[in-house]
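Note that the chains take the letters A, B, C and D in the order they are written out, and that residue 1 is the start of every chain.
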Amino acid sequence: MQKFDLPRRLVAEALGTALLVATVVGSGIMAEALTKDVALALLGNTLPTGAMLVVLITIFGPISGAHFNPAVTMVFALKRELSANEALSYVAAQLAGGIIGTMMAHAMFALPLLDASLKMRTGGSQWLAEAVAAFGLVATILAGIRFDRAAVPWLVGLYITAAYWFTSSTSFANPAVAIARSLTNTFSGIRPVDLPGFVIAELFGAVIGLMLMNWLLRGGGEGAPMTKEAQL
Amino acid sequence: MQKFDLPRRLVAEALGTALLVATVVGSGIMAEALTKDVALALLGNTLPTGAMLVVLITIFGPISGAHFNPAVTMVFALKRELSANEALSYVAAQLAGGIIGTMMAHAMFALPLLDASLKMRTGGSQWLAEAVAAFGLVATILAGIRFDRAAVPWLVGLYITAAYWFTSSTSFANPAVAIARSLTNTFSGIRPVDLPGFVIAELFGAVIGLMLMNWLLRGGGEGAPMTKEAQL
Amino acid sequence: MQKFDLPRRLVAEALGTALLVATVVGSGIMAEALTKDVALALLGNTLPTGAMLVVLITIFGPISGAHFNPAVTMVFALKRELSANEALSYVAAQLAGGIIGTMMAHAMFALPLLDASLKMRTGGSQWLAEAVAAFGLVATILAGIRFDRAAVPWLVGLYITAAYWFTSSTSFANPAVAIARSLTNTFSGIRPVDLPGFVIAELFGAVIGLMLMNWLLRGGGEGAPMTKEAQL
Amino acid sequence: MQKFDLPRRLVAEALGTALLVATVVGSGIMAEALTKDVALALLGNTLPTGAMLVVLITIFGPISGAHFNPAVTMVFALKRELSANEALSYVAAQLAGGIIGTMMAHAMFALPLLDASLKMRTGGSQWLAEAVAAFGLVATILAGIRFDRAAVPWLVGLYITAAYWFTSSTSFANPAVAIARSLTNTFSGIRPVDLPGFVIAELFGAVIGLMLMNWLLRGGGEGAPMTKEAQL
């Protein structure tokens, strides 16, 4: 993981987050333009997002770890796998990449490059949904790394595919993506004023996920024997 | 499999069943809210369920075996891979987790935490469908473990994806999930009074699946040579 | 492959074909009942079929080869991997299994067990489509076995997922399944009188596929070195 | 890669491109015939295309590399992995295969074999979309080969699944496919007069992708150790 230098890792984080956000925002624009059925539009938003996550985590994971998500970077910083400086650089790259992603999607669909969203997403139920979404994402990543590292891109893509539908918030689960989505007044947008509730809930859910998995995975021995068993 | 202690295994069963039920119930609520086309709603219920099963079985399988299903636990108890006490603890954890899952989904969508279903699901055709669904699930799991253990999370996710559509009951195939679904008056619900028929049919189908696969897989030699051949 | 005795192999062929046909017919009934949009119904027919193929080929492949298809059995007989007697037994098991599958689907949906289809599927374009569909299926299987045997269940499931949509006949590509589908007057049916055109076209396409792949794959060396390269 | 002779490699490129185009064009015809909802039609076009790409790259990759795309062939020629002569032969085979694919699809749906498209696809936004689409495709292929070669068929299939939706042009990303699609006046067509803009944008995006990945991947050491790390 440490074999790529920091500039390359930051480019991977920024580019990956940009492509992820371009997929979320762009497919939302496409879907909304083509149908009036909102379930179908959500499906047209879900499948590209899940598919792209598998691709991006596979191709950028060996370079930067493929976080694309400040909540995930925070988890690895808390686990001492990233220094505070690295973590801050990662988050900055993710935030910049996310905004570039929104601009890319808008440019491809001939919209103004940035446009504050008017879509209300707030209230206790949605905050709970974001906390659950981030909790599940962190649990998926940490257990995935422990038991079947090669499957992590698939696990995250499939988890988000499910979470788009089972959470009332459609599972942003990512502060950098949430901020980028506040700058598009299309299907996938969120009002800037609603960001704090989402971001706090996401970070909270991520910390709970880290704590629970720290306890749950502290069994079964460590290292090679376990890995071997998991692959049998 | 025995390397994680029983408390961790029970938490894995409860948490996995909770997330599975939250996905089934939550995606049903989301789908029903977004479209009037029932086939599209079922698709919005199917894809998240299949995707989440792959994730949950991958991340909890090495801890508890990732049954999430009393019919599956019964099969492994009959095969003497779990003691009676372990099996009863598993089932209790699954039942509790399932009900928590329904409550989580309801809380995320701002509904009353529990609400008995009014959706009628009964009659010989649906009982046959549940028996077939559970038979196929057990066959998939037992042959999957024998021939390609690493693929089992995928096989189960894909099997349930198909079974949502080819059975008239939409394939509950799981007594703990059926009970949890009796407590939601939404898309995926089932009247509490219809539970016994479903549960009996599921257990019956599971036993038939166990018996047939016991005979069918008793060929081709056991252990390493077979495994090797299966992977060529 | 030869390690399971013939009775078990024939049960695997019959049971696999039955579950495949039950999936095709059952999901067609479900889809047609839930929506008036035919594209959505075809999607609700496609995804379960593709998913089930991955499952069935994985779990029955090591027992019988998981043909479930007289055209595929014919190809392996022409390649001398099955004796004439074995091939005839396979085809009989597939035909019986297919008809049982239609009956299972009908019973689960409370329909008469067998009911001749009135759905016209005939004409040169559809026969061409069936020949192309079977050609592609055989090419997928033969090249898949050569280059990445473990991927064959996925390749066949994905190929059929695509072929449902790119062929005007929705790609039956399987004489046993075609005959079983002539006995259901639902979404996936075909008039009995249209069977000969479909079956002949399927066998023709399969033979062309065998001939072309025999030539195309006769390069690159044989055995271990190639296998190793294919997996790098 | 060099173990198959040039004629076989060219047949693989032509046949693969033909089946890819037949899938794109044929599923578009099917989808458009079955529904009036354009999002659903695009979904019925997307899923078969993504599924078929996984199949075709798996079964033809070990023979020819499975480019099916002059932009990809150009990238490998620039990387000196193909001679100029080989590259030109590849492109000719892809162009011929693509046109045969359109004819196959038309014949299967009883349409005139070739028919110039009237569908306008032009303008700066769409050209940007094509450049982004080809950039992402090349990045996916080059990083995929570096980090997880066996996953490349899946990565390309998933990438195109996403790109159909997040780009305003529905991501042709392939000059041979674009030319073949100019010869069908159906869902997936493009006016012949709009081809130059698309082709130039695709080649431009591919070159940018090559340059960026050349820099980004030039870290972390080369060869076996990296490959091993990527698989941990």
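Basically, a contact is a pair of C-beta atoms (placed from the backbone, for glycine too) under 8 Å apart; a residue touches a chain by one contact, two chains touch by 3 or more.
The structure presented is a predicted model; accordingly, all values stated were derived computationally and were not measured.
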- Item | Rotation in the CA alignment of subunit B with subunit C, degrees, nearest 5 | 90
- Query: Does the subunit A and subunit D pair touch with the same residues on each side or with different residues, judged by whether over half of the numbers are shared?
  - Reply: different
- Message: Suppose each chain is reduced to the average of its Cα coordinates; what separation in Å results between subunit A and subunit D?
- Response: 27
- Task: Compute the distance, rounded to whole Å, between the mean C-alpha positions of subunit A and subunit C.
- Result: 39
- Task: At least two other chains touched by the same residue of subunit B: list those residues.
- Result: 37, 40, 43
- Category of the chain touch graph - line, ring, star, complete, other: ring
- Query: What are the touching chain pairs in this one?
  - Reply: A-B, A-D, B-C, C-D
- Going by the contact rule at the top, pick out the subunit B residues touching subunit C in the complex. 37-40, 42-43, 46, 50, 123-126, 128-129, 132, 136, 139-140, 143-144, 147-148, 151, 154-155, 158-159, 161-169, 215-216, 219-221, 226, 229-232
- Task: Enumerate the contact residues on subunit A facing subunit D in the complex.
- Result: 1, 3-5, 8, 11-12, 19, 22-23, 25-27, 30-31, 34-35, 37, 40-41, 43-45, 47-49, 51-52, 54-55, 58-63, 104-105, 107-110, 149-150, 157
